[in-house]
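Labels run A, B, C and D following the written order; every chain starts at residue 1.
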Amino acid sequence: MIILAYDIVRLEEKLIIKEFRKRNVKLHLLNVATYPLHFSNGFLKQASIALIRPVSMYRAFYTAIVLETNGIPTVNKSETILSCGDKILTYKKLVEKKLPVPETVIAFTTDSALQAYNIVGFPVIDKPPIGSWGRLVSLIESSKEGLLVAEHRENLPTTQLKVHVIQEYVPSSNTDIRCFVIGNEVLGCIKRIATSGDWRSNVARGGKVEPMKLNTVLEELSLKAAEAVGAGVISVDLLMHPEKGYLVNEVNGVPEFKGFMKATGINVPEKIVEYIISKMKM
Amino acid sequence: MIILAYDIVRLEEKLIIKEFRKRNVKLHLLNVATYPLHFSNGFLKQASIALIRPVSMYRAFYTAIVLETNGIPTVNKSETILSCGDKILTYKKLVEKKLPVPETVIAFTTDSALQAYNIVGFPVIDKPPIGSWGRLVSLIESSKEGLLVAEHRENLPTTQLKVHVIQEYVPSSNTDIRCFVIGNEVLGCIKRIATSGDWRSNVARGGKVEPMKLNTVLEELSLKAAEAVGAGVISVDLLMHPEKGYLVNEVNGVPEFKGFMKATGINVPEKIVEYIISKMKM
Amino acid sequence: MIILAYDIVRLEEKLIIKEFRKRNVKLHLLNVATYPLHFSNGFLKQASIALIRPVSMYRAFYTAIVLETNGIPTVNKSETILSCGDKILTYKKLVEKKLPVPETVIAFTTDSALQAYNIVGFPVIDKPPIGSWGRLVSLIESSKEGLLVAEHRENLPTTQLKVHVIQEYVPSSNTDIRCFVIGNEVLGCIKRIATSGDWRSNVARGGKVEPMKLNTVLEELSLKAAEAVGAGVISVDLLMHPEKGYLVNEVNGVPEFKGFMKATGINVPEKIVEYIISKMKM
Amino acid sequence: MIILAYDIVRLEEKLIIKEFRKRNVKLHLLNVATYPLHFSNGFLKQASIALIRPVSMYRAFYTAIVLETNGIPTVNKSETILSCGDKILTYKKLVEKKLPVPETVIAFTTDSALQAYNIVGFPVIDKPPIGSWGRLVSLIESSKEGLLVAEHRENLPTTQLKVHVIQEYVPSSNTDIRCFVIGNEVLGCIKRIATSGDWRSNVARGGKVEPMKLNTVLEELSLKAAEAVGAGVISVDLLMHPEKGYLVNEVNGVPEFKGFMKATGINVPEKIVEYIISKMKM
């Protein structure tokens, strides 16, 4: 039995289910929004592997933890999901593997954030350690804008959202590169280009996608970045720094792939399903 | 140079500083509320070791991450701080080492929480995965009380606080046992007894403490629990189940020790400081 | 020109629009989610009257304020919307008109809430001053349950949601009476009966509705309650106390009426539209 | 009996208590953080008047409501406290009395806020309807900054804090004028000058104060603004517009007066106490 753990069925999950259905495998759809996750669950223990797809990072993380504790291998592993989902942890993992990343400073208060902006030098990026689709990722061009952002951050309701991840702004930031990695294969890369009205290139923010020729530098970097967080089904976001070259910016542990499929024509759900089946415990 | 990373100077930090001052070591007080934490900081890199003491779990976790990335060993390690701070992760680590824990079910919504209460059987404990001093730890004795708690939880402001960690209630819960472990030494154990008005035994809630004779079962369990989360300076909370015996309930990675010192007379800060010095990289 | 101010088009708004379209009036649909509300707006000033229907209480209140400041009569008036939306203000308005209400105590902290529960005597109701559809309205039967609720309330993110409106529990609370008042006419009353699983009778919580014969006591009370908050299009919720008789419990200033229409067969949107037209400034 | 309702004893409350003690009046200190406020309280009903001083606007508002419902005149009246505390309501009250205010637009979403910025024209001020000491009051100089602020606002935890009060920026905004009004007497005015690092002149933000000669225009405006919100003990904030002249910007219903006393030497607590005594019901 293969478990597909989900909460919301996006296009991605529909396509994955369709691919599973084509094959001779027993698929169990596990809706984690309605099913209580017992640390020792006889039914779940029967599964050979689980694909983790809840939309919220914490739901995905905790689902993977419970399934792993029940003895089921998960794709991705809980540790990988958190290492991607928490951007401060991501940087640690990348830097430990000597991968190039943007200059980064962590600050816990407005006071230290204002110092950090000056250490990095304007313009800077300031984002909380968790969050998807570019949410609250701010481009700050002056102390005045920094104060504006920092004061609003202080009014957010949790300690974690008040933490500042402050980074150098890479001039080409409105175009980032997303590579899709499954296991030790780089499926390909695309460019995501921000459209007018927002400097962020997230597809969820109207960013346009176009295919991109893979080169060996990009391929090696993507692979190493995916390995740094534990490998599995991973998308890697990179920026092109005018002097430093490619920098790994973010890594996603429960990746959406609608835009990637559209731009490249690669059948991602088929690749995922084949990977899962190959990883089933015998 | 030894770093003491802190944000609020509690009695605990004062005592630790005093112990460091007695010794011939260079101590650097790092106030993480005002100092920006750079992933590559020339000054910080000079340190041989860092003791991590910020009060907020996420601040402690992120401080440890940045210092580790700068090449400095930390006590505790970032991974340990998170493994203690996130109770779902704690259970995973404990169960993987086959340590006895209360029966536990995770639920993401009111719907699945209500099912989980019935799976575990009333009375149950319901708590969010993060939080200190017993905050939001609820004793639920009926479906009606469960609905009351679940509805309020849904109105808390973050996904993580909406997650339910649901556990069997151990009848002796108003008395828990706290053991203090440094490295591979169990310093001792105390009982914490809830006072009238609250069933929780947290010292911060007025719980009373008394010393307790250490036995080999307790000693072995505490040591293994500390090891399960990576060891260091750890306090382990245990419950006495009438049939199952001792259960490991929680583990603390930035432990307070005021109450423990008072009950046992053990000089905890001296033990911590000696441990830190012994762990300095040469 | 008649303005219909809305943000979400529920069944209620659809039916109202349909009734307006049947008549020879110029209707302007004002989506307050996308239209900036200027305190001095030449276009808006042309309107003769505005019907206020945004779902969120504060959006409705602020929309009415801006339209009134532009010289447009609104149904309901901003003052009426707030007097209904803020339950503490509601009680003031009702008590000032000597209308019977449940015994009520306000508390700002857990400490004073626990005292207030004992003053009123268990079981009690505890709710925040704002909120619709019975959200966070809690039935508390003991100090222990009170502590459970109060602690969760303290973790809600705003001062206003932390305020406790504590009231005697009226034993028939699972059946409440809702009367619909337009201008000085009581359209009728219905019973709302809580279904199993929740003691609250809100239609949004699965409460069942049935028609109810109007009596003069009920009619007079509803009318006076509507007048106490400024009259207009109002629904009045009453409870039947075994000794005190009818008590006015809540008053709604942007009432939904789907359930009421279904139970009584009364064409509420037609009545609303006729009322609005009769109130247009000449 | 005179009630002084408070929660935190600031310097202001200490000085007021001292002035009461000098006189032959019975003063009851009502700590609303610990005392449950019953809508019908025999003890409270004995009071002749109440001075409302809780720090939080909603606590002050609800305290006044409960005391008024008990038949006690309050200074300020609940209606006045809300009319000052909710800035959208303030503008309504001021505009209805034809008092000059900055151009103001209300917006409920990022979409309409961005339109509103353009209607008013950059630079603009954007603030939530409630909040003290300039909290979240943002100076926005471009669409890009507007998007930054609007996105953060959307992540604040309540509907009310998501509402945008958007206003023209008055070039002299870093110097505002604060006049103190008690009953129908203007005690005087001061200038508050923003210090470097923040454009806001709030004393709580380090703004400097200096005395200012009162002129008849300022006096009349302040008096009318205080009357527009119901009069009592009120401070009025004004801005000097280069073309429009004085504009009333904000009105405070539970005013602090430390800075005002220091700059003018006027004994504000004595004036307040004398006003309260003169207003006691006979």
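As a convention for this text, contacts are C-beta pairs under 8 Å (C-beta built on N, C-alpha and C of every residue); 3 or more make two chains touch, one makes a residue touch a chain.
Note that this is a predicted model, so its numbers are computed, not measured.
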{"item": "Higher-contact pair (C-beta pairs counted), B-C versus A-B", "value": "A-B"}
{"item": "Cα-centroid distance, chain B relative to chain C, in whole angstrom", "value": "46"}
{"item": "Chain A and chain B: spacing of chain centres that average the CA atoms, whole Å", "value": "29"}
{"item": "Sequence positions of chain A contacting 2 or more other chains", "value": "157, 161"}
{"item": "Arrangement of touching chains [line / ring / star / complete / other]", "value": "ring"}
{"item": "Interface residues, chain D side, partner chain A - complex", "value": "135-136, 138-140, 144-145, 147-149, 151-153, 155-157, 161, 198"}
{"item": "Touching residues (chain side chain D, partner chain C) in the complex", "value": "7, 32-40, 56-59, 62, 65-66, 68-69, 78, 88-89, 91-92, 95-96, 101, 103-109, 111-113, 115-116, 119, 129, 157-161, 163, 166"}
